[in-house]
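Please read through the structure below; I'll follow up with questions.
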């Protein structure tokens, strides 16, 4: 590849042809501010509309300023990033953005995390010379998962890229023109009425407070303070991989023990783990898979393959909207969150000897779609939901700070039992390829009766958008597909629809899996963070004495005492669900 | 329990539902089927749909989205971008007032004002009886006749605010 | 209609057209500007009036043609009349009355009519 | 016939307009139509590009980029498909030469597109035309169909092995689609939002293939250059700007119409000798060239020899060729505000400086015309203009401040009067305007009292009347009605 020599602020570097000025600047550690730019290379997520104009730089021989994020470097290019002309231009751009932005940082969900706020601080904007002009006003849209406050939108269009190009949900589009231009669903209707999967990737990339999670922390506080309620909590695998980032602990540090301790300090009556339900999911889904596979191999036409995982509520809503002809393909197993809720409000309520209404189940999830999932009517008994409140990883961090808990100083503590124990198969639910790997570990042993020698399915790991591998399970060579990101899932599903043969497919809606979920601490475009989170989960798996779901003693006990066996009538009633054909709007 | 709430601040822009004749839909389908490929022809199809239906209500946009295999939000994004596309039916006699530079310097803004006063509607609106609607448009290229007003196909040149009443009386 | 498959064919076609045009040279040619703005200013009205007047007077030596913008927007509708053996003359502001007058006075009698627009340009002939 | 001294115009691009039946292919062939195409098919594409380069032809749609250079870039970019696009989305309010050419001589554009297609190696062309031009669309469509029927478009043209065909795409009312990257987005069925350059369309354009976008007038020159030669064309015009330019003269001018003059013609000749000056004996004040992207030229600029460079040097630009003349009754602050109102409506909203900046510029101008402006506003106006010029994504945004900058420069006194004396010297800004009656001239005819809609004029018959300024709504009805010039604007 040909190399280009580029001089930036007097420093010289070489970059491969095709690089941008911004790439070259990064190499030289020259900081150029960006807002609309987003590049998660390993995930092939790239937004460089060059629309915000905050990254403009002076290029020798060019008439006007050039956007560093979108201007290709050329050989012997001379760039200046800190001249008065550049600084004044950036300042004007900021002042203009601020002149059409509510200055309610004090009460904004994004305060402290807001990229616009950071830049205003960096540039020392102390007054807003264009104040008093017209400001755009849009209707606030509050869905169960996401709050859209487009008054704060700076038109960076990152959300649009995520929704259309990466997730292919097509909910958001630039609408209107000129000063009224904004990103919105068709007819500017509410997200809840659209094909939105609530995956929250728009929220994950929004640089300002225009798209944020629907915060439910105060509901948790209220429940905890209510003496009439028994409040229990479950935490999803990916939460522990990232929670520390928002609480002053270095990224890539597992905080499982501190998290359990913090939840106990917050006042939860019992601190449980969704990982327990992940093991349970493997029992049900793995059994369903083996059952379907056996029937399919015996020529039963009603036994459809491949089986699709159904842990991910964003994915579930996506296929309900986009693949209504294939609703009999996904596993009927509920997600771990909902299995946990169903078991908690039946089995565990029985153990406690209280009615389900007295029990409040709180989930901590890396996900915003989980908020929507727990509100789906089929996951309630007489109007009482199996899971009452869902908060995201970010919200938990907020709650811990609000309650004055010195997180870093907490001791490591264990989860409570019986719903807190898990095997190594559970934490990897949080990363792409993990669910199918966990399922294969169990399916292999159940199907063959042999002990699986190598537990790591390397072919199913990694950040490739679509992974396909053939896995030998006894006499059967199983063709397995893995997709993360809904756009990749769509591609894989279209291959299935076109007749390509798979035995099992895992889909996670968010790029990278739950570790990159819409409710995780903001990555601000840093792909390294996602890699560190992945490592936390694989390490946790490797460090566990038991690494196969069917070995979990409390799962064995649950079946012995309550459910009978996987796919029993009781299991079906509590742990399985069905899907709905949904309109494309 | 978490529920969805809509805070109806500001206006909801969801257009009213309309029941439109089936043969018109068939005409649009035939047009789409005759295209060499669907990709890249969204604007073309919207032009066709608007010429068939007269406007682009929600049903038509949804229909186009389904048949062109693009998200509805994208269709709406395009419709709301171009001033030629309208989501409300025009009046029986659509009034278009040219606001090109030549017309402006010859007082087109005063003519607009006079029409608004006379009809008691704003730009982009239709009179309650559906008879007239007012729109401004970019240069029609008839600068010699500035200011120019078109009512349907009929062109009025050198229009003064004083003539507005008389023009309306023609219809 | 056969296609024009070569430069020679194009030249032959041109000769044929020119010959046809030459054969018409002893007739009066009335060329009415019918661009959008000319039509808006009443170009079609002028055309119809002249056609009517030609018919009423039983004239057989008059050909009509339409053309695009004659660039004299200030004088629309504009009409160009070429009498046999004479230079074309452009008349501006041709309303219905003027249109009829052009036929009865200028075409039929060669009498000058008001509203002649002087030629202010040179035109590139290829 | 007219004396030769009066012949200031030279018609190349509009050579056939008004002389042929645009709906007749025969009429076009009679004037050596399609011979230029036949001629280039005997040349190599590189030779054709060279002819256009040598001719010095520059884009007539705005920026004035050398057409031959542009074609050369597309020719040198290897691709399995390339496109030749005609920009007929004439959006500049006050310019209509493209419509005139398409309505008067559509085949010249069709032929030129085929020539360009051959030169760059494109077999497909597209015309992006305003949907508001039904007659132009009809005649263009007919021209394409007729040419195709005669084998002048389609497969193996003139037996040369060269294939070329043209499709028509409709604009839908977005000024920004005159910008070539926005035009391409629109042709692909999207919102017409411009894309950062480079890459330029000649490298990667329509469907990411090398694409040349030229406007109608540029194309209309091509057959003439091919048949009459590059040297002939480059002998016309100035050192940097060759050939002629079509202008649409409009506004406060006697001879409204299209004019085509050699580059380098002094502005004075266009306005006065050809245009006949301002009507009703009013004093010429300014002429806006380049539409919303251009600037106002005043008395001091009348002897400017019009070409690309001389206009840019005066903070205006050639643009597509609109020339809107203003007289003493026009307020230049209001004119700048009119253009900003237009740009504010037409900005796509993609980039920050254009989306929000246009609004803020408009608001400051509005404040000034309402009599609330300060010197700080003038300073802010200027600095914001400079920043927008430097940072906006596309040509529309980068040139949006031009009408303000040029009027602030040339008519500084007028801005000053609005801000310090709170007066509009042209008596246009109603907020700063008072109507009063000159008692010496008033005959007491009572005509003004009859037309006043708010009954604020009082006085007895045959006695001087008086306007109650507190009730007056400044509609100007009395001013228009008074036969004795006794109503005065202050």
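Per-chain numbering from 1; labels A, B, C and D assigned in written order.
In the analysis below, a contact is a pair of C-beta atoms (placed from the backbone, for glycine too) under 8 Å apart; a residue touches a chain by one contact, two chains touch by 3 or more.
No experiment lies behind these values; they were computed from the predicted model shown.
J.: Which chains sit in contact with both members of the pair chain B and chain C?
T.: Correct list: D.
J.: Would you mind checking which chain's C-alpha centre is most distant from the centre of chain D?
T.: Max centre-to-centre separation from chain D belongs to A.
J.: Of all chain pairs, which one counts the most C-beta contacts?
T.: That would be the chain pair C-D.
J.: Central chain, going by Cα centroids?
T.: B
J.: Distance between chain A and chain D based on Cα centroids, please, to the nearest Å.
T.: That pair's centroid distance is 51 Å.
J.: Using Cα averages as centroids, what's the distance between chain A and chain C in whole Å?
T.: Whole-Å distance between the two chain centres: 73.
J.: Between chain A and chain B, tell me the centre distance in angstrom, where each centre is the average of that chain's C-alpha atoms.
T.: One centre to the other, that is 42 Å.
J.: Please report how many Å separate the Cα centroid of chain C from that of chain D, as a whole number.
T.: Here the centre of chain D sits 30 Å away from the centre of chain C.
J.: Identify all positions of chain A at which a residue touches two or more other chains, and write them in rising order.
T.: In chain A, the residues touching two or more other chains are 174, 176-177.
J.: Counting only residues that touch at least two other chains, what does the list for chain D look like?
T.: Within chain D, the residues that touch at least two other chains are 96, 99-100, 133, 174, 191, 250, 256-257, 348.
J.: So which stretches of chain C touch two or more other chains?
T.: 36-37, 39, 73-74
J.: Between which chains does touch occur?
T.: A-B, A-D, B-C, B-D, C-D
J.: Sort out for me which residues of chain B touch chain C in the complex.
T.: Where chain B meets chain C, its residues are 140-145, 148, 155, 157.
J.: For chain A, which residues count as touching chain D in their complex?
T.: It is residues 48-54, 56, 64-65, 67, 70-72, 85, 88-89, 92-93, 96-97, 99-100, 129-130, 133-134, 154-155, 174, 176-181 of chain A that touch chain D.
J.: Give every residue of chain C touching chain D within the complex, in rising order.
T.: Those in contact with chain D are residues 1, 3-7, 10-11, 13-14, 17-18, 21, 31, 33, 35-37, 39, 65-75, 78, 80, 87, 118-126.
J.: Looking at the complex, which residues from chain C come into contact with chain B?
T.: Chain C reaches chain B through residues 36-37, 39-41, 73-74, 76.
J.: Where on chain B does chain A make contact in their complex?
T.: Listed in rising order, the residues of chain B that touch chain A are 1-15, 58, 61-62, 65-66, 70-77, 80-81.
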